[in-house]
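In the two complexes that follow, chain A is the common piece, with chain B as its partner first and chain C second.
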Partner chain A sequence: MTGLNEVGFLGLSGGLVAVGLFGVLTRRNFVLVLIAIEVAMNAAVLNFVYFAAFAPTPSAGLAGQSAAVVLVGFAATEVAVGLAIVLALNRAKGTINVAEATELKL
Partner chain B sequence: MSLEEVAFLLLAVVAVLTAVAALLVRELVHTIMWIAVFFVDLALIYFLLDAPFLGVLQLGVYAGAVTVLLLFGVMVTRKRIFSRGAATGIGPVPIALAVLTFVFLVAAVGELPQAAVAPQSYTPSALSATLFGSYGPWVLLLGIIMLVGVSGSIYLVREGRE
Partner chain C sequence: MIVGFAGSRLQRLEWGGWLAVAASAVAMVLGVLIGVGEAASPGATTNRQMLWLHLPAASPFPDGFSLVMGTLVDPLSALMLIVVTVVGFVVLLYSIGYMHQDHGLPRYYAELSLFLAAMSALVLANNLLEFFLFWELVGLCSYFLIGFYYEKPSAASAAKEAFLVTRVGDVMFLAGIFLFFYLYAGSGPAGLGGWAANGFVFVHNGTPFVPIGTGNGTLRTVAGIMILGGAAGKSAQFPLHVWLPDAMEGPTTVSALIHAATMVAAGVYLLAITSVFLGFTSFDDLVIVAIGGTTTFFAATMAVVHPDIKRVIAYSTISQLGYMVLAIGAGFTMVGLYHLFTHAFFKALLFLAAGSVIHAVGTQDLFKMGGLRRKMPLTATAFAVGGLALAGIPPFAGFWSKDDILASVYSTLGAHPAYWPFYLLALAAVFLTAYYIFRAWFLAFSGDRARDPAAEHAHEGPWTMQVPLVVLAAFAVGAGLFAYLPGMQNLLEHGAGIPPVYGPTNVLLSAVSVGLAGAGILSAWALWGNGRVYALPATSPAQRLRRLLLERYYLKAAYDWVGARGLYTIARVADFVDVYVIDGTVRGFERAFGGLSDRARRIQSGLVSDYASYVVAGLIVVFVLLLLVAPFVLDHVGGG
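And now, the complex of A and B:
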């Protein structure tokens, strides 16, 4: 397991954040925007897991993995709420195009 | 180049390619299939990093639950599920912003302390002792936020709300 260096992992997580940002900025479909946010959040979880594996002390590593577990739970909740908004938007407007969701009232 | 490095490079390339494919393919259902591959790929990276509990969690929560939820959302909101609509062109500004973000994040690598130690693996029992011990309040907070999220979701989608 030696040889996994931080340049590769930072490159991967930075690339995933960039892909997620790109998706949020360019896609108009609400489900695609949600997926792009998920990609970016997974990059954050990956960073927690990577730096936990190379933490200087065991307690620091376990703290990092605990943060990753809690973050996965938050991300799952976010998807549930996001899809509820998708369904409500679809019912109110008949479309899930984010460009047409111009008012907060659903 | 060790076997782990080769495996990580392969998994990293697949992760970025599937994420890009998920956001660019024309069919929404194909998008969700690509994102499922992406989640499984990340789970494999967690196993490579000696974090088995996180790997199983990633498989169960993301590849299992989130994928099915997204599929459900697509099936409910589209009359013809094999159609995208609302696809837009790709302008130069989003690509430039994404590249800038990538460069900014990777530039931080010089600031990191050199971690020469070998990766450590933690058993799920040690992880649970920490998670429910000193980080118990965070789990409690997560539970409360999940409860509020589920209640809010039910309120948003219930019948007869106008």
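And now, the complex of A and C:
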């Protein structure tokens, strides 16, 4: 697979993780936080696909691509759980601002 | 054996007093039987023991280390046993009459019985550790009984003083024991494995276990001095004598039994067994003679001016114990013990007679008494007999034993010129002794009537108080002549392993000391006889001397000062260290962790995004470690 640049792909993955982290840490809206998590997670999916292209055997490459497909499924379930939490938070607090949810301490 | 039946005496019943008397009567019979048995078979020693604990061999003790409990009957302990049991019985009988108005009687009889049991066991102990055990036990009983009237602050503080002062001696005694153990742990008869493996017993087959006079000279001297310190604490010898006069705060019966006849004699007994079974070095002997002679004289001077009848007798006890210490130091152990024997009887007699007086008039102040001769003829006679015995007038008991001491010490003066000053002090004390005891007698008993109206209604005590006086008076007259009974000779001449030292009294020396005693009695009569009260002129220069004596040469004040200033300062420094260094360290830690946890608490905001950032920070740290530090460590340390 000539023409593919490792630095470029890893840079793309790293950039996605950085954007996702930035979103998770700075956004106050829970929905936006969820979106940021999805962005960061896509970096991992991308890595699976990318490194599968360098696999020594076709079957090993297949394993990486299938992991990517599974991860997409995971992301979907994760979003479902996350949205359920958003709804529960909204019901309990009347807001979806994460800064308002401060009960997570002893 | 003795300990076994002594245990039964501890029952506290309504009639516990009589029970105690009965039990002590049994003890007396047994004690005297043991004494007679010992006298019948000269020089025999009976040693029964059981192993209490055996520790396996360790580096200083190649054959192990044993603790044994046992009884040893030899001439010394038989003599002491007679004293302890006879005086104990007589005093308990007297207590029935003397103490009947007091409350807390079960406590009194229990403590007194415990004392008798411990004292018998102490006398019969067959090794130094067992000796020390019962030594502490009699000290404890002494503390209890001095503080019997614990509601009185003076009694409570006297008890504490006695306990603390004797503690100084006890610590020295223990150090002495350890030194002797250290010196002789491996020695002893061949094939037995050394002293330590045999529980530090005194004798083996009738001879001292440890060969006398072996081992390191300097250390042995120090060990002897330490033993002397213990004896000085217990027997109230200079400079640890301060507690005994104050111990008179206890009931008079206690003073008679514990602080005159038996417990204070334990110190002398300790010196005796040490000199017989372990031996003192010549320097030790000189120190012992010095302490004995000095104590004899200075205690007598303090007795000369005191207005309290019991304290006069207490000082006289200290003084007489000094004679015994002097004799043992000069090498005449059995002579010292012989004086202990006679002294126990006449001093108990004096105390019980004084107790009769106190019981009758309700005061201890000699200057409030007077004229009691008519109302209490028996007591007056008994006190006079005791006084004559104390003063050393023949044929009363004190004459034989005290003159024997003076003659024995005199016989050593040629070989030890250093003993001269102490011999002279002891000789001078003979005069003082006769003077102060008859000053007390004249003040209390002579004259027409009492100086204080409260003493007008004096009368003799009940029969339980009179019988002991008669018994003890008989002993005070006759105990000196006991030495001429054949059996008694056996006791006195066969101290385990020492040559016979009891000899006839030098007539000329006797004449001198009897003359001195007579002069003492006459000067007492001249100043105080027939109800006279000699008042020292207020301007007399002797007033300062009198104050000095009343204040006990300011020694007690000095001890108090040392205690108050010296020890209190140390205590304050210790307190400062405790509060600011030790507590400060603890508090510092507390504050540091408090501050730290305060910070840590703020971290836990409950904000999910904060937590997420900590997770990221942690991840970054892990990455840094993995990428930078781990290769470095692997390169240098090796591994994976």
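A few notes on this one:
Here is the rule we go by: the second predicted complex is superposed on the first by the 102 of 106 C-alpha atoms of A that agree within 3 Å, B and C clash if a C-alpha of one lies under 4 Å from a C-alpha of the other, contacts with A are read in each partner's own complex, and residues count from 1 in each chain.
Assume contacts are C-beta pairs under 8 Å (C-beta built on N, C-alpha and C of every residue); 3 or more make two chains touch, one makes a residue touch a chain.
All figures in this text were calculated on a predicted structure; none of them were measured in a lab.
Once the two structures are superposed, chain B and chain C can be ranked by residues of chain A touched, with B on top. By the touch criterion defined above, A:I96 reaches chain B but does not reach chain C. Contacts of A:L21 after superposition: both chain B and chain C are touched. With both structures placed on the common chain, the touch criterion links A:L104 to chain C but leaves chain B unconnected. Shared interface residues of chain A, touching chain B in one complex and chain C in the other, are 21, 25-26, 28, 99, 106.
Residues 21, 24-26, 28, 33, 98-99, 101-106 of chain A touch chain C in their complex.
Residue ranges on chain A touching chain B, taken from their complex, read 1-4, 6-8, 10-23, 25-29, 31-32, 34-36, 38-39, 42, 45-46, 49-50, 52-56, 58-59, 61-63, 65-70, 72-81, 83-88, 90-91, 95-97, 99, 106.
Contacts from chain C toward chain A in the complex involve residues 604-609, 611-613, 616. Across the complex, chain B meets chain A through its residues 1-2, 4-5, 8-9, 12, 15-16, 19-20, 22-23, 28, 31-32, 35, 38-39, 42, 45-46, 48-51, 53-54, 57-58, 61-62, 65-66, 69-70, 72-74, 76-77, 84-88, 90-91, 93-95, 97-99, 101-102, 105-106, 108-109, 112, 115, 117-122, 126-127, 130-131, 134-135, 138-139, 142, 145-146, 149-150, 152-154, 156-157.
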